[in-house]
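In structure tokens below, several structures.
What follows is chain A paired twice: with chain B in the first complex and chain C in the second.
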Partner chain A sequence: MTTGVLPEEGMVPGEPTPSGSTPASRPGRGGLLGRVKALPYALTIPALVALAAGLGWPLVRLVIMSTQDYGLRQQFGAPAPNVGLDNFTEIFGDSYFWEVLRRSLVFCFLAVTLTMVAGTAVAVLLGKLGRVMRTALSVSLLLAWATPALTATVVWQWIFDSRFGVVNWALTKLGFDYEGHSWVSEPLSFFFVALLIVVWMGIPFIAFTLHAAMTQIPDEVMEAAAIDGASSWQRFRDVTWPGIKPIFVVLLALSTMWDLRVFTQIYVLQQAGGVTRDTNLLGTWAYRTGVGSQQFGKGAAIALVMVGLALLLTLFHIRQMFKQEEI
Partner chain B sequence: MKFKKLAALGLVSSLLFAAAACGDDDDSDSTKGDGDSSSDALAAPAKDTKATLRVWLNGPDTPQDMRDWAIAEFKKQYPNVTVKIEEQEWDGLVPRLTTALDSADTPDIVEMGNTQAQEFEAAGALTDLSSKLDELGGDDLLESLKEAGSYNEQFYGLPLYAGARVVTYRTDLFEKSKLEVPTTLDEFVEAGKKLQKDNASTPNFSGIYFPGRNWQAMLSFIWDAGGDIATQSDGEWTGTLADKESVDGLTTVQDIMKNANKAPADSDDRNDYIDFCANEVGMLMGPGWKQGQIEEECPALKGKLGVFPLPGSDGDVAPSFLGGSVLGLSAKGKNQGLAYQFLKLINGDEFQTQYAENSLIPNKKSLLDKVAGSPGALAQAEAAENSRFTPSSEFWAQVEGDNILQDMGTQIGNGDDVEKAASTANDAIVEILNQ
Partner chain C sequence: MAVVAPVKVPPVVAPAKADRGRRRPRRRWGLNLIALVLILLSSFPVYWMFTTSFQTNAAIRSPDQELTPVGGTLHNYRSVFDSDNFTTAFANSLKVTALTVVLALAVAFLAAVAVSRFRFRGRVAFLVMILLVQMVPAEALMISLVKVLEGWQLRNTIIGLTIAYLAFVLPFTIWTLRGFVAALPVELEEAAMIDGASRWGAFWRITLPLVAPGLVATGIFAFIQAWNEYTLALVVMIRPEKETLPLWLQSFNYGARGTDWGGVMAGSTLITVPVIIFFLFVHRRIASGLTAGAVKG
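Up next is the complex of A and B:
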């Protein structure tokens, strides 16, 4: 990744030609070279400044804080004692961390798998539908995507509300005993509802992006494959799939990251009655430790562990991408 | 393929965003004063001062009429000052205060629960009012609330009001089931079960409305059985929630939740009046103003409501949690002088008497005789005589912030093993208190 991202030598424009055709009016050779080389970097300065201010500083603070004993007193001005890596040792030595980690990974895996499978299916569907139905489906997907996570979660929570929710009502009407059944108070059904919300919100982006990728595959190729007698599954596997794979990998990496740091959905459902300790994922645990229990140092350390984990998981995907490039 | 490089960059930067979002957007001006009582800052400002004063009051405890009255009165004193009273939910208040009190646009005055205030006093988030204690009432202030407002001999939080939990019940349903007002805890539970049985035809009917997350009501049962949350000796807290006595009390709670209650295990008592108005409740344990709230929400029930203090096993009044609030000035607030003037108005007898009229206990002993009239207020005064508290620790607010007792209640309401639920909560509480 270190070399791949930078522009290659040969691409730098304006390299003086050996013929020496430089007009006399232009500055000397050294000056020109220096200026031209600096220019691309100069152009990145505004973006870098914005990143450093908006992202860099909070990140630096986060790292500093993770090595401090930072509580409510420090929040209001007291000096923060340095504790080195104590916060991290404490986290790794805490059996609860491993429990939350396992829970987060399983949740992430399920959410990503379901989102990608359903998203791909919807993308294929978008390509097959007629004009009217495609528009209807697109609009529905857009609406689902445009709904803020908080709003969507609250709506879903109402759907599953123990007293007034439509799900309990419907199930009871169908003859099951779901009168007053509490969906969020048991961890398993809590995560079922959370998974439903996360997947529901994740599908539109995947579906649209993959659909866009599929439209880039020439119709002639698909036609030729059909004429050659390939079944629709074979056409998907051998023609469509290789075409959309690079984008699919990127989406997979993005989804992994999003679902690993899922917060809003879990937090709202916890406030609605989920048992906090049994339903914390890494994101909510970091928040509850940091802001809720005012152990900002430990919270920051958990957040950093989360970042490391996300990097580790996505590194694999990124490597895949560059491997493909080399071929 | 350029696209991949871009994508890789995008991945890396969104990772960073994820990390930064977890960070703490925080204080650049760590050089601020320690909120020491420079009495200059609290001096009354000029009458023509122009400013906006932001006041956080929690939940429906202070009725709209009282808020309007305070705003109008203050307008007379300071015509150019706009007072904005912003209602906050009790639920999740501690984390909200943690971030709000430290931000540049902090509210000027905040209301905190009596169990939550010490943490913020200890941290230096509130203005020191020690020099004004006498002016605000001194020894006349309710002792327990004054304690909640003090830390290390310094005074930060002005008592606002107190309230004990009482039982509000349907007199007509009691008559139908030929029930008398219970005089012992056992009779109370039995009455609940009988109501439950006699009203089985009403779907969702609760003889005793007891949602899983109503932890304050649970405390009475723990204390009545001889248990407690935690006790302190030599600065070290020992958890007692999993002791036999506490578990006995919680077992009674589970018995009620299972056999005399249809309120969900995953909800709290915030909207209990809705179920009461729907004729789905026989008795509920709530603040003294609950009767007034119900009568306002559904006038049809007027004349069918009664109030009594929860009886204990020994026939006396059961111990109950004395709730209440204190008001503090945010140390970072820019209108200290004005905020103090508003505090004085709220502290005035005229305003405090209105709390008594709304079935809460006013903040001064000299005003206690105003708590007459409504049966709710009387029952509450009786209950308050045997009041108890949550562990007095600056870290207690974290226990509330972490929903530890609420979660325990949900598990108990779900029918889980009481001892196991209590012991999980016990471990978590001890860990916080002894940090």
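Up next is the complex of A and C:
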């Protein structure tokens, strides 16, 4: 962040800072709203209330529900008995939970790996293209990025439609027997399509962000390396990579988080294909258990596993940000 | 400047690079070819959605597909407007989106001023909390959100859905606006006050207009989020007359069961086009906001 506007916590007010001016900290020079002590707190209250209502309280309720026998009867007003960790023992003892968890982790791993590798490659490519091609590629990447997850999934569903889809049409034209082939009613090809959608939507953000980071590397350094005889791989490894590594790690954490909680793509393809048991990931399973079959307690326990995984990744993410002195 | 660090557009091929390119024309061609394939892969779905939406059902079902747009009919769009609930869903989407944008901007701006203009106890904690809550998966909260909103008698209401959306867009909007406010020198406000403006006068005439681009960018972000959102709407708005556009599209798609791709693509186009247009304006800020200051300028 811009240093100077915000002096670091603990700095003596009035003491000269590296940038010379510390407007917010000087008594009597508080700018527009500076003098009132309680004001900053008042200004954050609406945000805190909104976050508490839409996120905090639902999160607390989730924890409470996960320790309750909360089912259909409770829907009609019966009190929910506390069952301690029974919901967790139930799901951890269920082999289906481990199956879904493993599936989610594998899906996430594949999606993140493909997205990051392809995204980095596209970022490098963006830097090497001429202006016309670079603009054309940027615009088409933007199209993929801007498309809402739901419409994107619906469109891909149409592209892979068994009867009139363009993929089956093209494969049949090429001599393969794909007429009427249903992609989404068999788990393996189901996940192939889902993976394609997630990666297709994920690449642009990674590519743009890494490309931006690469343009921050001074041209002179690159040229010096080239003059010294470094191959393009060596230049990438020894010059580009160290420059983009911090942001790469952050992107990795973000992508992992996003791909672990993937819901819309899976849910919509499940509605098209009809195989839910063999294609559930954590998100869809929690939804189907909790909201679908009204086992709110068990659903909440599954959802908390998701929150736990996200939390682990978040702590890593925030630690990275502290390291980079962004807070 | 981290949060709003502009994604720098690299300079038009530097002379040295042009030299390198000239030395290896074959390699340039190879790269262009790869780029061309990527362009096709990346834009094909959007292109295909658009093309299909203007085709007759006969052309869509013909065994010989046309990859280039031929002919054209508005029939699919008519069937969308005639379908159950489209106009209601459109109105619902507009309402919840507008409400989310307005509230998010107001609330986030106040918080952004607090964290970028004041040093106060708990400031760092507040910022860390913003980052933390940003990572809570909405998909995990679906279940309890239903119960919470039912308890407040707000399930199936615009207000209820807005409460949920607001919480999920706030972290990003606060973080991004914080960058904009922090970039504004306090001296500008002070100068206006020395020249005789009141505090609020200085705020209205100086601060607000200067932060306006930031408000527009974050407002568009909130718009896109609320307009696209599917997961939370799926559990909050379960009555047909309360559907938002994404919910409408999926019931239309599911109901058609692969028989009306023209209509489904017309619906998809209607939902997607405004988002793409807005997106073109703000994608740079979204990129830098999502990584929350990870790019050090």
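In this text, the second predicted complex is superposed on the first by the 252 of 327 C-alpha atoms of A that agree within 3 Å, B and C clash if a C-alpha of one lies under 4 Å from a C-alpha of the other, contacts with A are read in each partner's own complex, and residues count from 1 in each chain.
Just so it is clear, a residue touches a chain if its C-beta (ideal position, glycine included) is under 8 Å from a C-beta of that chain, and two chains touch if they have at least 3 such contacts.
Model, not experiment: these values are computed from the prediction.
Looking at the shared chain after the overlay, A:Val117 reaches neither chain B nor chain C. Using the contact criterion defined above for the overlaid structures, shared-chain residue A:Val275 touches chain B, although it does not reach chain C.
With both structures placed on the common chain, the touch criterion links A:Phe76 to chain B but leaves chain C unconnected. Once the two complexes are laid over each other on the shared chain, residue contacts for A:Val106 go to neither chain B nor chain C. Set against each other, chain B and chain C differ in how many residues of chain A they touch, and the higher count belongs to C.
In the superposition on chain A, no contact is made by A:Leu85 with either chain B or chain C. Judged by the touch definition given at the top, the superposed model places A:Val184 against chain B, while chain C stays out of reach.
By the touch criterion defined above, A:Thr151 lies against chain C but remains apart from chain B after alignment on the C-alpha atoms of chain A. In the superposed pair of complexes, A:Thr209 makes contact with chain C only, with no contact to chain B.
When the shared chain is aligned, chain B and chain C each come close enough to touch A:Leu51. 1, 5, 51, 54-55, 58-59, 61-62, 65, 162-163, 246, 250, 254, 257, 261, 271-272, 283, 286-287, 290-291, 296, 299-300, 303-304, 306-307, 310-311, 314, 317-318, 321, 324 are the residues of chain A that lie in the contact sets of both chain B and chain C, per the superposition on chain A. Residues 1-3, 5, 7-10, 12-14, 16, 20-21, 28, 31-32, 34-36, 38-46, 48-49, 52, 60-61, 63, 65, 67, 103, 106-108, 110-111, 113-120, 122-124, 126-129, 131-133, 135-148, 163-168, 170-171, 174, 179, 182-183, 185-187, 189-190, 193, 199, 202-203, 207, 227-228, 230-231, 234-235, 246, 249-250, 253-254, 258, 261, 264-265, 268, 271-272, 275-276, 279-280, 283, 287-288, 290-297 of chain C touch chain A in their complex. By the touch rule above, chain B contacts chain A in their complex via residues 1, 3-5, 7-9, 11, 13-20, 22-27, 30-32, 34, 91-92, 94-95, 98-99, 101-102, 119-120, 122-125, 203-204, 212-213, 262, 264-267, 331, 398, 401-404, 407, 410-411, 413-414, 424, 428, 432.
Partner chain C is touched in their complex by these residues of chain A: 1-2, 5-7, 9, 23-25, 29, 31-34, 39-41, 43-44, 46-47, 50-51, 53-59, 61-62, 65, 122, 125, 127-131, 133-134, 136-137, 139-152, 154-159, 161-164, 166, 169, 200, 203-205, 208-209, 211-213, 215-216, 219, 223, 226, 246-247, 250-251, 254, 257, 260-261, 263-264, 267-268, 271-272, 283, 286-287, 290-291, 296, 299-300, 303-304, 306-307, 310-311, 313-314, 317-318, 320-321, 324, 326-327. Residue ranges of chain A in contact with chain B, taken from their complex: 1, 4-5, 51, 54-55, 58-59, 61-62, 65, 71-73, 75-78, 162-163, 179-180, 182, 184-186, 246, 250, 253-254, 257, 261, 270-278, 283, 286-288, 290-294, 296, 299-300, 303-304, 306-307, 310-311, 314, 317-318, 321-322, 324-325.
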